[in-house]
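Remarks on the structure that follows.
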Amino acid sequence: MQPNTFGNLLSLTTFGESHGPAMGAVIDGFPAGVPVDVERDLQPHLDRRRPGQSKITTSRSEADQAQILSGVFEGKTIGSPIAVLVWNKDARSSDYDPNYYRAGHADRTWEEKFGHRDYRGGGRASGRETLCRVIGGSFARLLLPDEVSIVAFTRSIGEFEARDLPERLTINDVDRHPTRCPDLEVASRITETLERCRDEGDSRGGVVEIWIDGLPAGLGDPVFMKMKNRLASAFMSIGAVVGTGLGDAPQASKARGADFHTGVAGSGPHAGISPAACGIQGGITNGQRITMRVYFKPASTTGSMAKKGRHDPCIVPRAVPVVEAMAALVLADHFLSRRLDRP
Amino acid sequence: MQPNTFGNLLSLTTFGESHGPAMGAVIDGFPAGVPVDVERDLQPHLDRRRPGQSKITTSRSEADQAQILSGVFEGKTIGSPIAVLVWNKDARSSDYDPNYYRAGHADRTWEEKFGHRDYRGGGRASGRETLCRVIGGSFARLLLPDEVSIVAFTRSIGEFEARDLPERLTINDVDRHPTRCPDLEVASRITETLERCRDEGDSRGGVVEIWIDGLPAGLGDPVFMKMKNRLASAFMSIGAVVGTGLGDAPQASKARGADFHTGVAGSGPHAGISPAACGIQGGITNGQRITMRVYFKPASTTGSMAKKGRHDPCIVPRAVPVVEAMAALVLADHFLSRRLDRP
Amino acid sequence: MQPNTFGNLLSLTTFGESHGPAMGAVIDGFPAGVPVDVERDLQPHLDRRRPGQSKITTSRSEADQAQILSGVFEGKTIGSPIAVLVWNKDARSSDYDPNYYRAGHADRTWEEKFGHRDYRGGGRASGRETLCRVIGGSFARLLLPDEVSIVAFTRSIGEFEARDLPERLTINDVDRHPTRCPDLEVASRITETLERCRDEGDSRGGVVEIWIDGLPAGLGDPVFMKMKNRLASAFMSIGAVVGTGLGDAPQASKARGADFHTGVAGSGPHAGISPAACGIQGGITNGQRITMRVYFKPASTTGSMAKKGRHDPCIVPRAVPVVEAMAALVLADHFLSRRLDRP
Amino acid sequence: MQPNTFGNLLSLTTFGESHGPAMGAVIDGFPAGVPVDVERDLQPHLDRRRPGQSKITTSRSEADQAQILSGVFEGKTIGSPIAVLVWNKDARSSDYDPNYYRAGHADRTWEEKFGHRDYRGGGRASGRETLCRVIGGSFARLLLPDEVSIVAFTRSIGEFEARDLPERLTINDVDRHPTRCPDLEVASRITETLERCRDEGDSRGGVVEIWIDGLPAGLGDPVFMKMKNRLASAFMSIGAVVGTGLGDAPQASKARGADFHTGVAGSGPHAGISPAACGIQGGITNGQRITMRVYFKPASTTGSMAKKGRHDPCIVPRAVPVVEAMAALVLADHFLSRRLDRP
């Protein structure tokens, strides 16, 4: 029973409550001799997830400065577990009432399960928990070949969906706008909506899309640890996520097979590869881009409580680096696993 | 590295290639003293998944008779691992060419990963592997309280979606029609389509929806073993599944928070429960029905090969008991885990 | 790959290097609602392991004050991971030379494995790592029924072995003498020897014996997670331990079966219980005392380095609480596992 | 809860009761493309463990012919789980009485744990279970470099201990005598004793010693998956094993540090290596021979039941290949793990 541990060969164990003293991450199974620099490798990802980045996010203000406690020596990993702490600073516990169950939140269900819980700001069920995932993902990225690119972005928020997308995107491209929507016209309409949500105590959900490029064919472990179900589990473990799929899964479920399966069978070098597979066939990468969508429900805090300003009217923009981090963890695990495939 | 093992406290390990001598399942962590009868508890579920049930499924004909090798004595479990075998009989290996990679299938990617593979009928990547899941699920069901009901059905195939649904469904209701679509008008249009697909070598995907009723609040293990991500991983590990979500996840991502979150906050007995949560809040059951959708892409075998008749033009109807089995495994695991929640 | 995690249902993950900023322990799978008080439940066990307790132990001086970072709220556990930190204070890193491999230590082998290592005081291979085990064990004790008693003591050091032992022992009995040898005449001879060792730069090993009383019959999980092999693994994972066994295992290997097996067969209430089993039959407790011995080799630091005074001439006395902690972790795990034995 | 699974990267799951239809082993995590031949690679090891080999072993007669059900195709592994069955043939269930608890056996404790059990011949607790370990070990050996040699032998039975040992031993050397004691003079005295035991319904235990040569330095995973504790756990999980240690552990616990630690400190190529470490320092191999002893108590079946002849008066000779198998599993796991040590 390690419900707070993610991963197989590379494992991330997280701890910490939103209003406790600190959040922490312990990474085990990380190879020795990998150069690590907090300012270069970790902090930028944490900063992308940090609250208070723009007027469409929560006003909780946290520096979220990472401190490495073990596993790194003289600037390189040493093969022992890497522990990273982030202290909680701007925690206003008095805002919370132990006998009040917020609708749509984890308050009620955690109470039912555990009987006793930290009711302050969601405790362990707070979105703040995701910063530990970003720490883990930052380390995981260090294990990926240079040619691998993991970029997530806001595909849609509420009814507004990005349409005009380039063929490739970088993190910089995505971060150009606070909504993390790369279709700038759509982005500005999203901003308007979210500002109005904030004033009115309303909220929105949306879709984060992730593109993973540069992968070799042959990553993924059948039968129950396929690339697709491990990514799905990774994404669905994030707070407000309600669904996920390869490409546009509902659309795929309606397609005609004869139209959908455009790949060529046979024995040539590309035979058997199907473009519609979104990068994964039989649970294993086919060398093409993995495209997945992650569906978020509207943020649960609405009404008068939402107007106080310490909640995001939409968590999708800040979830973008979290989705990337989870993908990085799964990928790094599969890159390690790949070393075990043959004699 | 146990990529062929599913589950945590209750584990299912499966083995077997489609055209090898047998398929097998080993279940560990199963409590002692539980009555088991193959004909009553196992065979009906295997029969639901069995090929050759109607003219819209493959003509491969397998009795799929389960044989228990261990773990059951004098009609009851004994706490030791339960091993179940199903021998492969109607395997026509000569149909397959080692140098031919079928498009959209696992042929190419498994070759890339492992170098050496069983190319006959997909080998381990064949849909036949799912019968071991049904075995595991049948045992898992024996651990669930009587009031728990797990019923999956064909929500849609291709463009045809069931609309007229009763409030409750039983397995018998679902099995009334070979399509397993409980909206009989839609079911008959699906049948027409699939018969045409079969003749034309075309295929369809669709959506399996699952309703899980009778669960107590408080099931699920935060943070990385939430009920929602474990169900998602369970479903996404099935062959042709391309997506999954709570209720209509894409629709939820477009909703306004003020409309979506209809639950009542406060401190009363139902306070904090949200009907839109589809049964899961903070990763833990809230005591209401869990509704999930599982999206299948069109079957990969199309064209002349599909016309030979040993493939399903649409695997959705036969996938219904597989989706149920995976849900049963996850639920039984969480029911066991629940015993560990408090002192 | 979680080589730094111990346990199954109750897991302990540890991190930290001897001369890094801190040592840490993360405990997952711990039930909610259990009262915890650092001063009452944790600190006494840490104090028993602490260096600088007497003139026969190292002069490194550490307060080893535990700080809980998560998982405990309002004095009770909340079902989320419990993280505990102990900061390293009296770390004199300048004592160590990166190019010097101490004989018998882990220096050389960790270098061979990882290429890059923290050479200061053994880094992660230091005995200081065991304080995290004591933290874990302290929490594990909270899950054991009151009637369970875990008491370890110094059975022998060097050639001196305790002979005159009472039928029962408490921790207080054992702590009456700094050697933790309850045979006080032998204890004083051990003290003389260790003082001389210290002056001469010599060292000794010895035997810790552990008595576990008050266990019910039926604890332990066949086949690979038997009580006996999990305890053996727990003890053998401690730094200088070179062997372990039930009772006097070498003696048992020489006995005649007819003499050794004094238990009575048949069908009465005690039938089948064997006193010579030292509490475990078929890997499962039989309701009698578990007696195990844990063999330690002489401390590796000898000669001029040993005379500097920051090493124990014999780690056996300080290992006593570590052996107890490891046993507590195994037992608590089996008590949790027992909840899963029957429907 | 997979108490019937052993290993981490390479896993062995076993099932089967002594008097059930079959014993089985499932090996997962085994690399693809490794040539396997049942007659060459498996059967010889099974034959070494088989009952009825000589007049000093049980008269139960089993061919123990292995049948591979999956994971091997065209003579090579394919990366999917390898399932192997051995059918039980000479099972005389009528010999056993459900209400009779044999002393020293697992009968009583399994009854206490599970309530319901297979009482025939020990069921799952029978020594017959170890044939699955031998299957697993045979596959594990295929993953070891050619220069690795794993040889176990009978060090002592009862009071008779082998003294005159060559510097190296092969399996053939060991198998020269049915006792598997390479000191032939001692072997013949053992034979006399065991024949007398058999006539008198008496039994003996003994010591299996294992020598593992040809290992590189750097194998083993700190802190809780050290080479020494994983080997200890592997050995202690075998039925009648009551203790284990590196070399002569009780003797080491009595030594003077100044005498024991003969290794040379410093910075040269062999600096830091200690001959007394028996091959493991800090839990990691140092490149020298690993020597371990495994202590067995006398066989539990004595008296009139023992005279019936279907029990071994001493299981030590037949345990030799089992000890080797467990070592091979641990070693193969560490060889796989080693691939993950560095970037």
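The letters A, B, C and D name the chains in turn, as written, and every chain counts its residues from 1.
Simple rule for what comes next: a contact is a pair of C-beta atoms (placed from the backbone, for glycine too) under 8 Å apart; a residue touches a chain by one contact, two chains touch by 3 or more.
Treat the numbers as computed from the prediction; the structure is a model and nothing was measured.
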When A-B and B-C are ranked by contacting C-beta pairs, first comes A-B
What's the chain with its C-alpha centre farthest out from chain A?
D
If you average the Cα atoms of chain A and of chain B to get two centres, how far apart are those centres in Å?
26
Rounded to the nearest Å, the gap separating the Cα centres of chain A and chain C is 40
Using the average of all C-alpha atoms in each chain as its centre, how far is it in Å between chain B and chain C?
45
If a residue has to touch 2 or more other chains to count, which residues of chain D qualify?
1, 3-5, 8-9, 14, 29, 32-33, 79-80, 110, 113-115, 124, 222, 336, 340-342
Enumerate the contact residues on chain D facing chain B in the complex.
1-5, 8-11, 13-17, 20-22, 24, 26, 28-29, 32-33, 67, 69-71, 73-74, 76-83, 85, 110, 113-118, 123-124, 336
For a test of understanding, state which residues of chain A touch chain D in their complex under the given definition.
9, 29, 31-34, 79-80, 143, 222, 336, 339-343
Which residues of chain D touch chain C in their complex?
1, 3-6, 8-9, 14, 99-110, 112-115, 122, 124-125, 129, 156, 158-159, 197, 200-207, 216-226, 228-230, 232-237, 239, 241-247, 249-250, 252-258, 260-267, 271-274, 276-278, 280-287, 293, 295-300, 302-303, 313, 337-338, 340-342
